[in-house]
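Each chain gets a letter, A, B and C, in the order it is written, and its residues are counted from 1.
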Amino acid sequence: MRYLPLTEADRREMLAEIGVASVAELYRDVPEAARLPGPIAGLPAHMGELEVERMLSAMAAKNVTAGSAPFFLGGGAYRHHVPATVDSLIQRGEFLTAYTPYQPEIAQGTLQFLFEFQSQVALLTGMEVANASMYDGATACAEAVMMANRTTKRSRAVLAGNLHPHYRDTTATLARFNGFEIVTGAPTPGGKENLESRIDGATSCVVVQTPDVFGHVHDLTALAAACQAKGALLIAVVTEAVSLGLLTPPGAMGADIVVGEGQSLGIPLSYGGPYLGLFAAKEKYIRQMPGRLIGQTTDADGRRGWVLTLSTREQHIRREKATSNICTNSGLCALAFSMHLTLLGEAGFTTLARLNHAKAVRLAEKLGDLKGLRILNDGFFNEFTIDVGRRANKVVNKLAKRGILAGVPATRLFPDSDGLTDLLVVAATECTTDADMDALARGLGELL
Amino acid sequence: MTSATTISGHQGLQMDEPLIFELDSPGSSGVDLPPPPKVKSRLGAVAARNGVGLPGLSEPEVVRHYTRLSQKNYAIDSGFYPLGSCTMKHNPRLNEKMARLPGFADVHPLQPVSTVQGALELIDTLAGWLKTLTGMKAVALSPAAGAHGEMCGMMAIAAAHEHRGGPARKRVLVPESAHGTNPATAAALGMTVEAIPATEDGRIDLPAFKAKLGFDVAAVMLTNPNTCGLFEREVKALADAVHEAGAFLYCDGANFNAIIGRVRVADLGVDAMHINLHKTFSTPHGGGGPGSGPVVFSEALAPFIPLPAIIHDDDGYRLIETQDDDDGTALAFGRMKAFHGQMGVFVRALAYSLSHGADGLYQASADAVLSANYILAKLKDTFNAPFEGPCMHEALFDDKSLKGTGVSTLDIAKALIDEGFHPMTVYFPLVVHGAMLIEPTESESKRSIDQFIATMKGLAERAKTDAASFHAAPTLAPRRRLDETAAARKPILKWKK
Amino acid sequence: MSQIKFTKDHEWIRVEGDTGVVGITDYAQHALGDIVFVELPEVGREITQGNEAAVVESVKAASEVYAPVDGEVTGFNEALVDEPAQVNADAEGSGWFFKVRIANPAQLDGLMDKAAYQTYLEGLA
């Protein structure tokens, strides 16, 4: 077995040192009835690399990949080009096979890139502080609501109807078991929701996404003021991090907490995970923040270095009084995100954002010419919603058979909501070519 | 002793590396993008922002930056990492290669189900492995990490109690030696936590535990093998008592590596257990994540698991995302995260499972336990072992033998750094004074373990005469001890101009 | 002449008329190590004997500070917000935490005086 260094001779020698005759004796504290006499039944025996590759490659081959088709899906996960440097460098063993940086003297690599990551996320979101990441955007959103509840000592959260439904559901799951209340609106494909009217003196926070799940871009300034007037926090959600290269960041519009999904930078689609939860806030709320924080300090020789800090918020110290039960972050994904952003730099990142918007505008122009199709958005970044005048999921399935991955039917996102059957959410990124757009326009034109 | 000073700040292969912000060449970029086509902006009401403030670096500078940072990290690839409770085993590169197959890596989570049959098959296959290895009825794959899995398991328990009706059950019993995530999880779900005392031999005090049981107890959260590295011998009796009281037995699966392939937790009376794929199934820790924490469930809890679920029938694989009587998901609770789980981690875990097979796993857990007992046997005359062996996959020592030397557990840890080892877990579990928890895993050669043992013995000897050298340690690492007090008093959490 | 009393949880209270000044003992600050943060009760909060009134944190530990008596908080030591190290430097003087209007002076009788606390500490060693 290639992963096991001990030889039979080693094992005999070690057993002798311990003073037992067999490994079975080491398991003597396990109830005898529960000890298996040999390898567990029902599972295959070990395989060589070649066999494993063959088996898994056969499974992989059954999937249609994003890169093999004209591709227009978004809805919280976006196809972007990842520079070769990113995937190569994150596979350096010193990054890949390191643990949480509990021993800072021999983890400065991880600590420094996480400090850089925190700095980048703070800049992107326009916030004062950011943590070292959460599991994904949806869990970051749920944790932000819990943080707002703690901060305001209130327990009713208002969720925008156009918040990504997975974020809403993840928050609702926590609400059900934690015992806080959520007030959630119906999805509003037209993009105009009146959230201000739902805020009252018992509201802990308002959660609003921009661009929202239908692609509408929102100015949060008035909402932020309305929240502040009632003592509630404004939580802004961003599921497409690239949008922050072009749009006014939530921090500049008065958000108290910004959470988001970082998958767009450096992280493959990977059928939904692992992704990267972004979490940023105003500095005054820092003691209520969940997750790891990296801080700058000096070593015994006065040299600059980094450590995990403000750990008394966390479960390994505070136990039942911790701000969250989270014990990991999304370290390697944070590295990929940070590295991609470092490669892009100011010039590259802002260009990438403009490129995404331009591609989406061009797609809107091409689709807007089609008969029987209507675009719902006034403003959008790289994703918008179209009314195809018939069941969108059927259209998507038909186009999939023709080798086009056309977008996300609104009913896939909101299976329980009425009035959304004909809506399709489409996204374009720097990966989308004119030929892809023409293929979609042609396909839709033939079906509508 | 202070570190050597050089003109450049570098020290041989150890490069002094500034922050990316200090390497900024305005206008530089490591990515060449085409100029965006000229279009009429359709951003709507929101103004375009005026710059972000990111630094600009060329590709060679970026490569060098991260390469230099990597060289400041300890890693399993470079040395022995006996971090108890963390299962730092070898991370096979085959796993990485498989996760990067475009058929897995380049697939969108909301694609039509007909276009992702292979992805669903992979998840379902892994689910089958996890159920067979534990003997359990159902598995929820979406939790993103161990603590997230705990939350999932405890939510299922709360949902089951709610469904049964009856008086509220809000008490959760947790051994004193438990991971901090256990009480944090219970508290996040509005439950109150009570500690179960331990006996002299490091295990649950069964009579004391039974005295705490009652019809207001929702669950017991048990780590088994426990955090002292010992198997809870009376787990069956404990499980029976828990069930008799109408409560559920939650098992923290952090230490599954000791028993994988040799003991099925279903046979121990467990109702739910999370499995850390990033520990037991060799997926990389990546400096603190991403993890993956699937949860296996007994028959009693199987209806109460989160969505999404995967169903395999004549039509192929289906993804169930909403509650539905026909699919048997009427009692399921909602999402734990966006989409369907940590797919990239699943691929790696399945590659590992297939590579080992049932026979390899049977041997792997045995080697992990053998190596830990070998360390216990070789070091128990040098350091004090608070509990009698045999241990499972971790050997636990306290700081009794260091008393009077002026050398603490932390000092031993820092001295190990200079010796080229990653320190063991220190000061955990809390029930042992100055704890040193050593988990070698099955991935270490005997040569490597022997070198560690010899080093530990040497350090114990030196501690008797030269405490000062310990207090200065580490002196050979990229940094000496860092001032954590200053970091916490005046937090600097981001770069500032 | 002010009266100082001590609790088994290592708080002290100095009685000045109907007000008590509360802090943690020198023994407690020493056991905690470098203090990095204190969370103090807001003015007007009603506190009850034995319940959490403040939190004191070192790098690796967070400890509750329990109210030695019932009463209403009338002030707190603002200097500690920026300089928590004051607790290490002078725990039983300038490192005080908060002031409380004592609701039930009889509760003071149940606390230890300096000599009794010393004896109690010796018993812990």
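List of remarks:
Heads up, the rule we're going with is that a residue touches a chain if its C-beta (ideal position, glycine included) is under 8 Å from a C-beta of that chain, and two chains touch if they have at least 3 such contacts.
In this text the structure is predicted, and so the values were computed from the model without any measurement.
Here the largest set of C-beta contact pairs joins the chains A-B. At the centre of the protein atoms shown, by the Cα-centroid criterion, sits B.
Between subunit A and subunit C, the centres computed from C-alpha atoms are 44 Å apart. Remark: subunit A and subunit B have CA centroids separated by 20 Å (rounded to whole angstrom). Inter-chain spacing, taken between the CA centroids of subunit B and subunit C, is 38 Å. Along subunit A, residues 317-318, 321 each make contact with two or more other chains.
Along subunit C, residues 37, 57-60 each make contact with two or more other chains.
Multi-chain contact residues, meaning those touching two or more other chains, occur in subunit B at positions 484, 488. Subunit C makes touch with subunit B in their complex at residues 34, 36-37, 57-60, 84-85. Partner subunit C is touched in their complex by these residues of subunit B: 427, 484-485, 488-489. Here subunit A touches subunit C in the complex through residues 287, 311-312, 317-318, 321, going by the rule given at the top.
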